[in-house]
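Chain naming follows the written order as A, B, C and D, and within any one chain the residues start at number 1.
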Amino acid sequence: MAILRHKKSKLVEAEEKRKDLGFGTQITDPDTRLLNRDGSFNVIRIGGNFWRRYNIFNELIICSWKRFFTLIVTFYLVLNFIFACLYQAVGIENLQGVDLSTTGSGFMDAFFFSSQTLTTVGYGRIAPIGFGASTVAAIESLLGLLIFALATSLLYGRFSRPVARVLYSDKAVIAPYLDITGFMFRMVNEQDRQLIDLQVEVALSMLIKQNDGKTVRTYDLLNLERSKVNFFPTNWTIVHPITEDSPLFGMSKDDLLANDAEFLILLKATEDTYNQTVNSRTSFHAREIVIGAKFLPMFSDPTGSGVVTLDLNKLSAIQEAPLSSEYHPQYKPNN
Amino acid sequence: MAILRHKKSKLVEAEEKRKDLGFGTQITDPDTRLLNRDGSFNVIRIGGNFWRRYNIFNELIICSWKRFFTLIVTFYLVLNFIFACLYQAVGIENLQGVDLSTTGSGFMDAFFFSSQTLTTVGYGRIAPIGFGASTVAAIESLLGLLIFALATSLLYGRFSRPVARVLYSDKAVIAPYLDITGFMFRMVNEQDRQLIDLQVEVALSMLIKQNDGKTVRTYDLLNLERSKVNFFPTNWTIVHPITEDSPLFGMSKDDLLANDAEFLILLKATEDTYNQTVNSRTSFHAREIVIGAKFLPMFSDPTGSGVVTLDLNKLSAIQEAPLSSEYHPQYKPNN
Amino acid sequence: MAILRHKKSKLVEAEEKRKDLGFGTQITDPDTRLLNRDGSFNVIRIGGNFWRRYNIFNELIICSWKRFFTLIVTFYLVLNFIFACLYQAVGIENLQGVDLSTTGSGFMDAFFFSSQTLTTVGYGRIAPIGFGASTVAAIESLLGLLIFALATSLLYGRFSRPVARVLYSDKAVIAPYLDITGFMFRMVNEQDRQLIDLQVEVALSMLIKQNDGKTVRTYDLLNLERSKVNFFPTNWTIVHPITEDSPLFGMSKDDLLANDAEFLILLKATEDTYNQTVNSRTSFHAREIVIGAKFLPMFSDPTGSGVVTLDLNKLSAIQEAPLSSEYHPQYKPNN
Amino acid sequence: MAILRHKKSKLVEAEEKRKDLGFGTQITDPDTRLLNRDGSFNVIRIGGNFWRRYNIFNELIICSWKRFFTLIVTFYLVLNFIFACLYQAVGIENLQGVDLSTTGSGFMDAFFFSSQTLTTVGYGRIAPIGFGASTVAAIESLLGLLIFALATSLLYGRFSRPVARVLYSDKAVIAPYLDITGFMFRMVNEQDRQLIDLQVEVALSMLIKQNDGKTVRTYDLLNLERSKVNFFPTNWTIVHPITEDSPLFGMSKDDLLANDAEFLILLKATEDTYNQTVNSRTSFHAREIVIGAKFLPMFSDPTGSGVVTLDLNKLSAIQEAPLSSEYHPQYKPNN
C-alpha cells in the first residue's frame, strides 16, 4: 500500500499547481482574454432553460439608466395600447365620458383612460360602467399597483446595490522600486463615497509550453508590497516587487507577449454608506504593460490652501523611468 | 482525580466522532433520506404556536411565481367581495352613482367601487356619501395603502433574495482519477448572474452496524482535490480522490447500497450583483452513483469563433470509463 | 526598567480575568439579572438628546404587530382630524361637493375628504377649489405619498429583519453525561424557516467574595461538548461536561444560589431565506436549574409513517435522572 | 544573486514601517488633521466625471433630515410649476373644470391639477381633455409613480442604513492605570438600539524628523488593555497602557504637540436590529488630550431602585488625577 501513500503526495502537488481561480487550464487560445477590462468573463453560455438562465430582474438592476428608462417608457406605452384595445373590445361606449365623435377620438380617450388607471391617478372624467369595462379596469388597476411595487423594487435595487466604482490606470508599468524593479498599477475610487478595508490580489496567467510539448495555462499569485489598506481616500499604487522568486523575474516585454501574459486583478472592499462588501475586477494584458515608466503624483494644490487635493484625471499619467541594468539587465525600456 | 482527567480525553474522542452536521446519529431508518435533492430537510415539525412556527411572509417570498400570483388575485377578489358586502350592509344607496336598478347591478357596482378604493384609483363615478359608507371607504383605502406597501415588500423580497441556482449533475460517478479513482459530481451556475468565491463541503453519511449490534449513522467529511474557487464562469467538477484513508476505499456499489450511503453536498458562494452569501445543498444517494463512468466535456464551439462556449444541457452527460483493477480490484463497472 | 516589564505580565493577567462580555465587574447587586430571558439588557439609560437616543423607526420595526397597527390607525385618525380642521380654517365652502347643511356634516365631509387625499384615492365627489383649500390638499397629498413610502419601508423592514426565533427550554438541568455529569439546556427553532451554521457560547457569571472582602462579579466561558452545527432541523441539546476544571465542579444548587449564578447564552446563526446572520440571547439563573433531571426525547411518530417528526411542545419535558455519587458526591437531586 | 535575497528582507522591513492605514506618509503639513472628529477624511477630490464621482442617491441617504425635506418640498414645487407651464403651453382650456376667469386663476388651477396628477390623487374636478393635455398628464402621472418609488427607496435607505451612533468623550486623558499610566478615552452608544461584538483599533500618527532631516508621518497601532467586547449596554473606557514599548512612553504634552500627534480611532460593531456591521471613526489631536485626569463614573441611581442607570450626559466628565512620578517622571499634570 506504499504506492497509494505515494499517490497522496502527488495529489497535493497536483493541487498546488492549480491556482487557476476557477478558469481551468484548458483555455489555451492565445487570443482569448480571461477577464475583460470591465471585470466580466469571456464565456458564452448556451442550453438550459432560457428563462431560468436569464434573470430579467438582475438585468434591470445592472443595465444602464438610459436602457432602464427606455424600457419603462416602452412598457408603459405598450401596456396602455393593449388595454386601450381591450376597452375597445368590451365596447368603448362603456367608458362614461369618452369622446365618441370619431373612432380615433374614442381610442385615444381609451388609451389615456388606461394610463390614468395604470398609474392609479383615476381622474374620473372617463370612468367604466358595466361589468366588462369595470372588470378590465379592476384588472388594470391591480396590475398598476403591482407594477408600481416592482418599479419601487427596481429603483431601490439599483440604488442600494453595492458597487465598487474603482478606476484603474490604463496601463500597468514596470518601474524602479527601491533598488530593484516592480510591477505596478494604480487605482482610485471614482466616487466620493468612501471605500474602506480594501484587499487586493494579483494573479499572473501565462501560456507555458510544457516539456511534453503541450501548452497549458499557468496561474501564479504575485507577492505584493502591500495587499491591504484600511482607508482609501486618495490613490493606491499596487506594487509587486520583482524579486528573484517572482514569475516575472528576467522576462522582457517580448517574453510577456509571447506567453500571452495576463495580470488578473481582484479587489474586495467595504463601501462606507451601507457597509456592504463590494468587488471589483480587471485585468492587464501584456499589451497594456509599459516597461521603464513610473506614475506621476496625483496630488495638486491649485488653491494653495494646504488641503490635500487629488486630481482623478492624473490617474494614468506616467513618465519614463529607466530601469537599472545592474540588477535587471533583461529590462530595457522598449515601449 | 486521575479518573476525571481520563474522562476528558474520552470526551474529545466522543466529539471527534460526531461530525453529524446537526442531523444526529439516531436517524437510522434506511428509507429516510437526510437531504432531499433540492436541499430541503426530511423532518416534520408539529406543536408550538402555528402562527409563530409558520412564517407567512417567508412562504410568500420562497413560493413559486404561479402560486404567488394566484394568491394575490384570490386575495384581491375575496377582499373586494367582503367590502362589497360591507357597503351593502351600510346601505348601497350611500354610494353615489351606483346603478340601483337591480340588486345584482348594485352589488356589482359596489364590488367595482371597492376595487377602485383598494387600488386607490378612485375614479369618483361612484363615491361614498354619509358616515357609514365614507367610513368603510376610509378603512378600505388605508388597507389598500398597506397592502400596496406589503406587495412592494414582497416583490422586492422575492427579487433581492440571495439564491444560488446551482445545477448538479443527475448522477455522481466513480471514475478514473490520475492513476487511482475518484468520487466526482459536476455542477454549473444555472443563471448568467455570476457566482464568486465558491466553497464546497462533501460529507458521507452511512448506516454502520457497531460491535454491540446497534446500527448508528456515521458521518465523514471527504477530502476534496479542490474545495474553493474564486470564479465560476464555466462548470466545476468536484473530485474526492479515493485514497487509502477514504471511507469509500474498497467499497463496491453493493456495499454503498447496503450501508444506505448518502453524500451530502454543502455549497457556499457569493453572488456578484448584491455581494450576498448564498447557500446551495443537495445530496446523492447510493442509488444515484454510477461506477466506472466519467463526465463528458461541456464545452463546444458551434460557431467556430474561438470563444469559449459552455452548453448547460451537457451537465449530466457521462461515458463509460473502466476503472483500473490494479489499484481498485473491488470496483467493477456494475451500473 | 525591569519593573515595567513585570507590569506587562500583570496586565495580561488582569485582562485574562476580564471575560466580562462587556457587562463590567461592578454590577454586584444580587437581585440584578444581567440578561433577561428574552435577551434584553437590564440597564436604564438617561441623558443625551432624547430624539437621538430614541430611534422611532427602530421602535416601529421591533414592536409587536398589535402595537404597530394601533399606532398606524391612531396616526391616520389624528392626521385626518388635523387636516379636517385645516380645511375648516381655510373655509369649508372651498371644498366643492361638501354637505354644508350642518356644521357637523361639513366637518365630517372634510374629514373623509382628508382621508381620500391622504391615501391618494381622490374620488373627486369632494374636491378643493381656490388657493387655500387646494394648497392644503396639495400638502396633504404629498404627505400621503411620503407616509405611504414610510409604511412600505416599515413593513419591509419588519418582515425582512433577520431574527432567530429560537425557543429555549424553561429550565436548564444538571444531568448524567457519559459517566460524569453535565450542565444541559435544550433549544429548537420556533419557525419552519431554516437556521444553519449555528454557533453557541455559554458564560457563567457569579458573585464571588474576594480575599480582600470585596464582592466582584466573575465571568467564565464554559467548555461545550459541541459548540457548532451546520444544520438545525430538529432540536439541539447544549452540554457543558462538568469536568474537574469546570467552575461548576463540586457546586451544589445552594452554592449556585448563594453565588447568584447566571448562565448567559449567546447564539449566532444564519437564517436560510436571506442568508443573514441572526443572534439570540437568553440566560438561566440559578433558580432555573434543575439538578438530577434529564430531557425527554422530542421525536414522535404519531402516524407511523417512518418520517422523523419533532414535537415542539416537548421542548421543556424533563424526567428525574439520579446523578452517580461515585464521581459527584456533592450533587444530590434536591430540586 | 545573494544581493536580491538581501533585498527581500529589506522589503519586509519597509512594509513593517508602513502601517499607514492608507493615508500615506507624505501628508506632512502639521495643520492637516487626517480624520475629522466626525470620522470624515480631509481630502479634496477633483477631476473625473462629476456625475460619476458625485452620487446623488448616496447624498440623499446621508444628508440631514432638514436638508432632505427641504429638497423634497423644493422639488415638488418646481416640478408642479414646470408642469403648470406645460399645461399652459398645450392650452389651458384643455383642462376641463379649470377656472378660466383670469390668467392667474387658470395657472393656479393648472398648478394644483399638476400636484393632483403627480401624487396620483386625481380628484377629477379638473381633468385633461384632448391629445395634448392628456399626454402631458400621462407623462406626469408616470413620473409621479416613479418619484413615489424613489421616495420609498430613499426613506427605506435612510432608515435601514447601518450607522453606529457612538458618542466619544470630548477629550482623551492620560490617567493613572494600575500602577503605571494609560491613555484613555470613553465612548457610549448614543442610541437605545443595541450594538454588539465591538472591536476597536487605535493608531497613533506623528510627524517625526528622520536622521536625513526629512519629516515623515509615522503610524503605530497601540496595544489596548482590551479591544473587544460582546455587549455594549453601558459605557466603555478604552485603555492603552503606557508601558515601556509604547510610542507614548516618556512623552510630555509638549512632545505630543510638537510631533502633531493624532490618535485615530476605528470602531467596528454589529447593530442588533438588522445584524449589520457598522463602523465609527474619530480622532483625538494632541490638543484634545488632558494629562493627569481621569473619567468620572457614568452610573447613577436617582430613583434608588437598584437598577443600573447610565447617564449619557456624564460621558466627558473628568477629574484631576495626579500621575505618580515614580514610574513616569516625565508626566507632570500640565493641562
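In this section, a residue touches a chain if its C-beta (ideal position, glycine included) is under 8 Å from a C-beta of that chain, and two chains touch if they have at least 3 such contacts.
This is a predicted model, so every value here is computed, not measured.
*Asks:* If you match contact pairs by residue number, which of A-C, B-D or C-D shares over half of them with A-D?
*Replies:* C-D
*Asks:* How big is the rotation relating subunit A to subunit B when the fit is done on Cα atoms? Please round to the nearest 5 degrees.
*Replies:* In degrees, rounded to 5: 90.
*Asks:* Sort the other chains by how far their Cα centres are from that of subunit C and give me the top one.
*Replies:* A
*Asks:* Residue numbers at the subunit B-subunit C interface: does the shared fraction exceed half, giving same, or fall under half, giving different?
*Replies:* Subunit B vs subunit C: different; shared/all numbers falls short of half.
*Asks:* If you average the CA atoms of subunit B and of subunit C, how many Å lie between those two points?
*Replies:* Centres of subunit B and subunit C (C-alpha means) sit 28 Å apart.
*Asks:* Measuring from the mean C-alpha position of subunit B to the mean C-alpha position of subunit D, what distance in angstrom results?
*Replies:* Roughly 39 Å, centre to centre.
*Asks:* Going by the touch rule set out above, which residues of subunit C reach two or more other chains?
*Replies:* 116, 120-124, 148, 152, 156
*Asks:* Sort out for me which residues of subunit C touch subunit D in the complex.
*Replies:* Against subunit D, subunit C makes touches at 1, 3-5, 7-8, 10-11, 14-15, 18, 20-24, 26-27, 29, 31-32, 41-49, 52-55, 57-58, 61-62, 96, 116-117, 120-124, 126-129, 131, 134-135, 137-138, 141-142, 144-146, 148-150, 152-153, 156-157, 161-162, 266, 276-279.
*Asks:* Of all residues in subunit D, which touch subunit C in the complex?
*Replies:* Touching subunit C from subunit D are residues 72-73, 76, 80, 99, 108-109, 112, 115-116, 119-125, 148, 151-152, 154-156, 159-160, 165, 167, 178-180, 190-194, 196, 198, 225-226, 229-234, 236, 241, 243-244, 270, 272-275, 299-300, 302, 306-314, 327.
*Asks:* Spell out the part of subunit C that touches subunit A in their complex, as residue ranges.
*Replies:* It is residues 120, 122-124, 152 of subunit C that touch subunit A.
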